[in-house]
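Presented sequentially are two complexes of chain A, the first with chain B as partner and the second with chain C.
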Partner chain A sequence: MKNVSVSQLKYHWRVYLFVVPSLCLLLTFAYFPAMGAIYYSFFNWDGGFVKEFIGFGNYVRALGDPYVRHGYYVVAILVFANLFKMIPSIAAAVVIHRLKSTRSGYFYRVLFVIPMIIPGIVMILIWKYFFDPNFGILNEFLEFTGLMDALIALDGAFGWGVFLADSAPAWLSRPELIIPALIIWGFPWVGTIGVLIYLSGLSGISDDIYDAAKVDGAGPLRTFFSVELPLILTQVRINLILMIIGTIKEYGLTLVLLGHTGGPGGVGLVPGLYMFRRAFYDKETEMGYACSLGIIMFLIILALTFVNQKFVRVDK
Partner chain B sequence: MFKSISRSLKNQRSEVPKHAFILMVLFFAFFPLYMILNISLKTNDQFFNDPLTPTFPYHWENWVYGWKQVSGSIYVTIFLSFTSTAFNLTVSLCAAYFFGRYKMPGGRLFFMLFLMQMFIPGVVNLIPLFALLRELHMIGTFAGVIIPATAGAQVIAIYLLRNFIEDIPQDLFDSAQMDGASDLRQIVHIVIPMCTPIIVTVAILDFINHWNDFVLPLVVLGREELYPIGVRLYQLDGVNLKQWGPMMATYIIAAIPLIILFIFGMRVFVRGIGTGAIKG
Partner chain C sequence: MKTKMKTKTGKTGWRAISPLIMFGLILLFVSYGISLVHVIRIRRNMGDIGVDDRIVIRLAHFLSEENVQSAFSKLAKDYEELHPDTRIVVQSVPQRAYQQWLNTQQIGGTTPDLFQLQARGDWTMASKFQEVLTSQVGQVNPYNVGTDLEGVPWRDTYTDGMEGGYFFSLLEFYGIPMTIESTRIFYNKDLFRRAAGSDRPPGNFGEWMEICAAIQAYGEGRDETIFPIAATRDYALLSGFNGFYVTAFTGGLAIPYDVNAGGGPTTQGTLWGFQTGTLDFDQERVRAAYDIQLELAENYQPGFMSDTADQARFLFIQGRAGMLLGNTYDLILFRDTARFDVGVFRIPLPDPDDPKYGRFVTGRIWEEPVTKFLFGLSKRSSHKEIALDFMKFATSLPNNEWFCRQLDWFPAIRGAETSDELQVFAPSGEGVSASLELVTGPDIGLYFDHNFLLFLGGHLSFDEFMDGLEEIWRTKGEEWLMVKRFAITRQEDISRERNLSRSRVRVLFEEAGEMNPGQTMGSGTAYQLGVQIVQAFFAHSFNYRQFIHPHIKDGTYQFPPHSLMPAELYPIPPPDHVLEEMLHRGGQK
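This part shows the complex of A and B:
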């Protein structure tokens, strides 16, 4: 890399031209709207030309809005669930890495990439079909494996009133089942890119280390925690941050799966979807209010990222 | 000798659970793909009787029907994804060159600006962006999708490309400089050839992302004949409700361009994403 000091700028100012297009795009279409969101969040604004300054009115209203509280409650559950949904990718990568034959390792790597050809929205729509109470695969799978009987028995014991012997559970139209459906979605939760990223981190481990671990009598689990996990901790942490941000921002999934109302009872009305609905779907669009909801979300993401940086440290 | 054979057999046996685990995960990962393909060739009767296994005869007419429903939006999506990706690669490569080749005054600040963008939730931007695009008369135009989409997508591209440009030996640039090569020439003759794998990887990732883009086109385009495939499928979800075969056929058709992309780019992609991640 070439160091250019301020005094050398008159010979090298042209270099800035290379970053100008990107920077212009960024400022115009990312930062300018973001600043706009802050500005509009102080107004009662329906998206038209008339707007009325109301100070922190939108924020006060948001803090008391039961939909907002519910949305973040759902998001908190989903973040917690997604924490566990990170495990399959790590497990798959570790197992592939431990294969003795590098050829089958490469072969599996390629196979894991192939499901990426399914466009995101198709994946959501196909799960919508899996959840269908009458024709869907999920209920059929539960019946076939006998899990349904177990669920019905559990239901009898706890009195959920959801899994009944005489009717198939309607995953997306029973309020109680919507959050479980949002968690089950995407099983087996193996992210292609995640697996490849972990694998690349693991590839730094030499056979000697494995041999040494073996000599010390470390079992597979012990080897994982003392050899493999430390090496992919950076990637795990990056994925953790991205997962948290992604989960809080997410609303495409709920929009397609449940519609803009968030499903029956609005159970699936995550904050992003609520904001989207307020801005574009409700009869009286409240863009100012939606903007304030967005700013709140931004602050929450920022705070969580900060906490993550601070406490989930990686010693290298 | 017997000892070594028995040991290698034992080694083989210890591999079996690993393969079994991976194959089980892969089974579930491939299951949706199988079901789409499987149901897309069934009539409703075949589907009701037996959704899981293939039934004969195959009904390819579902595909024809599906193609009629989505062909227009497939063309639109190819155009949108291709232009956005090309546009993104051009601006990102230049910016990544700026960040990876030179340490300019203010460079760090600019880079922070790019990274900070990731924390802004898209939906926050969406509302004022909509107002901005309306001011610019870009609502209902492809430019209204391509330009904002690129503005967001460039961040990760710049990040990945910069890491690779940093690693190009300085001597190469120096000798090019000596020969009087301009920065633009250095990009074309040094950066692009040296970074082809990561450029291809970024291009594929970017293309897929634009292919999956859903909310922005839904909000910006607003006219049915302009809808890309994601929005079109969302819209058809209500219409095709009881037509399982043709519905699944439209899903397959939506994936075909990506399948073609993968056939050509797979090798480079699998390697590129690996090396890209180590550096990240």
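This part shows the complex of A and C:
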């Protein structure tokens, strides 16, 4: 980065003046609350009048908190599952990109943009009804396709005690099914933003490269693995970072699907939901502790993003 | 050098803009203009002289039912006829967004003159944004002229002496109630007739279970599954059946751990019991309170642990569930939307001769006859007198009676008549008032929420559930009490003084009834009779607490004399500097 000398600053001061309002807003509404969270994380603070400095007490408590450990365990499972859930988006983007008709390509892009105007909470609520054991589409789908019989047979073989012939599985009420439900959510996992990001990468691939691949006798699959996937790895990495950040931060999904408890046994109590509960839900709020949980979450995301940037290399 | 925009068509300047874009721009500016005018009009109307020279009073509530809005509108119209210079604007904001909306309005200084309060006794918000009403509620309500309540102070026209609007933490009146809220079971009369042969509600727990079995049997041979009870994760927890049965079965239990003279063990007392090994939850009455809930849960729909109140209502309205636990406000919703006759009954208790549970039932549950559906008066209101006058109008005997009849609510004003059908919502003035508290603080709450659901789902036995609960009480409970010792001690002090004041009232007035610790609170009339004196006693003891503080005696920290707990075992003594301050204040008298 080029340093700005004092003489240059004198010359360009008007430019910097125009930056000041935006900078002030950024500092006030983005950085100030974040700094406040760091400050309050060192206090036993109930969000009101009771405030007592306890140093790293909240952090020490968080490290020994079984709910925190459980939350990150659940998140680790979800991150791992979400890695596989990225594949359908890549496949969808490649298929749309390869459409010969420009008109059709445009049409499908628009189709992927339209769901973006639907609030995420609506999608989650729809899925909540999908999971309903009494009227939900998921159980009906499993019945219709015969998969339910297969699951019941498997259950009989392995003794899970979850899929039984005389009762429909309650996806969000049985502790054993809660994490599978959180993974199934969003099927077929074609994320709109993900697809559009991949499409932007694919559209940057020159026709010459496709022609060269064709001349070399590459089929559709070979073209994907040898041309398209390597050239959109930058986009894959962006989506990977967004996915990790999103999965660690996410708690709206579990809050709507499972409630503030995280479901029976607190199986779905992810770190974000735990933080929310400590900060806002309980009668005796623990804002200071919640702030420390937020800072820990921030540090974990920062570390993972750093690892991602440092070690997930893209060689085109 | 000036350059003009030039397009492929060769057009320059504004002509270069396509008609579609031009249309969009015009639409944008027109919309903006309309919005601006609208905002300016609203700003002008807000608490000041409106566009038609009338004074505008805004009232906001969060019940979105059409009937609530129309009942308020009718009240507003009647008031406007009496006061042609005033206009009442009634605004309904969806409940889910209400608190955020209200916070924004309050911080932005645009709060409606009158607004519904989300929670009773939220002193932090009240002290900042609400007008104190104490002096106002002592005045006569002029709209009761010609009724039995003519000349009676506004506060005393309420069935509870307006206690619902009294904020104990601030020792002032801050809310104006309009109804009495009760939790009851709603049932599908048609289904009862078809399945059980009669639409008569059950008289006791045994009969209730028989009806549930009949509904289950009725539903088994059909395409559509029918569940006896639509439950939700919320009602299944503390606010619903659990709170009811635990209170009914454990009332009067562990009285020696009553620290605040409230009739039941307190948090500190319970913890002390655990620490000394003299108290545990594995008692037959506690076990019975949870066994009965396990039996009840067999009648809930599968997956109820993740269902919200809306989903349960949906099941009930669709006729897929025979019963549902709800509150007063639900009745009108069900009557408007359900295609069957809706009945209401109180949560049944086992009869004394019930072989399984009868011997554990302490008695009927006492329901605090406290009025709700509260409205606060904004500090920022420009026309506080008029806004209050409207509330006096709305809560006068004839208007409260009419308003509650329209909505099938139970009236808050003395003498207001209601249909026989609604008598089921009348609060039970006698019964068990205090019981064993199993949950306190966030960690115990978290454990309870998670494991109670596992227990109801059959994944955890009662012994496992209670062993874990006791363990968390001993560990996290103590930690939490240490952290919150100041707030808890203060709260306990306030509670104790309030409870002792109540006892004093009953000593002074024989007709106020007898208070058996942990079991009964006397009749409802005792409340009406003594409430004003209670406030006086309470206010006195609170204001002069430094002179009568029970914790300081002979320079040492003492446990209150009415408790059986010795001072040396008091689990959380205050730190030295607080003690010194108390002693110093005590020495100033």
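Everything that follows uses one rule, which is that the second predicted complex is superposed on the first by the 301 of 316 C-alpha atoms of A that agree within 3 Å, B and C clash if a C-alpha of one lies under 4 Å from a C-alpha of the other, contacts with A are read in each partner's own complex, and residues count from 1 in each chain.
Here, contacts are C-beta pairs under 8 Å (C-beta built on N, C-alpha and C of every residue); 3 or more make two chains touch, one makes a residue touch a chain.
Since this is a predicted model, take the numbers as computed values, not measurements.
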Fit or clash between chain C and chain B when superposed on chain A: clash
Larger contact residue set on chain A - chain B or chain C: B
First, second, both or neither for A:Arg277, with chain B first and chain C second: second
Partner chain in contact with A:Gly265 - chain B first, chain C second, else both or neither: second
Touched partner set for A:Tyr67, first chain B, second chain C, both or neither: second
Partner chain(s) touched by A:Phe32 [first = chain B, second = chain C, both, neither]: first
Partner chain(s) touched by A:Gly252 [first = chain B, second = chain C, both, neither]: first
Touched partner set for A:Leu172, first chain B, second chain C, both or neither: second
Chain B versus chain C as contact partner of A:Pro133, first or second or both or neither: second
Partner chain in contact with A:Met116 - chain B first, chain C second, else both or neither: first
Interface residues of chain A shared between complexes with chain B and chain C: 128
Interface residues, chain A side, partner chain B - complex: 1-6, 9, 12, 14-16, 18-19, 21-23, 25-26, 28-37, 40, 47, 88, 91-92, 95-96, 98-101, 104, 106, 108-123, 125-130, 135, 137, 140, 187-188, 190, 193, 196-197, 199-201, 203-204, 235, 238, 245, 248-249, 251-252, 255-256, 272, 275-276, 279-280, 287, 290-291, 294-295, 297-298, 301-302, 305
List of chain C residues in touch with chain A within their complex: 124, 225, 227, 233-234, 301-306, 308, 311, 315, 320, 441-442, 445-446, 449-451, 453-454, 457, 459, 480, 483-484, 486-487
Residue numbers on chain A that touch chain C, as the complex places them: 44, 46, 48, 50, 67, 128, 131-134, 167-168, 170-175, 257-266, 269, 277-278, 282-284, 286
Chain B residues within the chain A interface of the complex: 11, 15, 18-19, 21-22, 25-26, 28-30, 32-33, 35-36, 47-48, 51-52, 91-92, 94-95, 97-105, 110, 113-114, 117-132, 147-148, 150-152, 154-155, 158, 166, 170, 173, 183, 205, 208, 211-212, 214-215, 219, 229-230, 233-234, 237, 244, 251, 254-255, 258-259, 262, 266, 269-270, 273-275, 277-278, 280
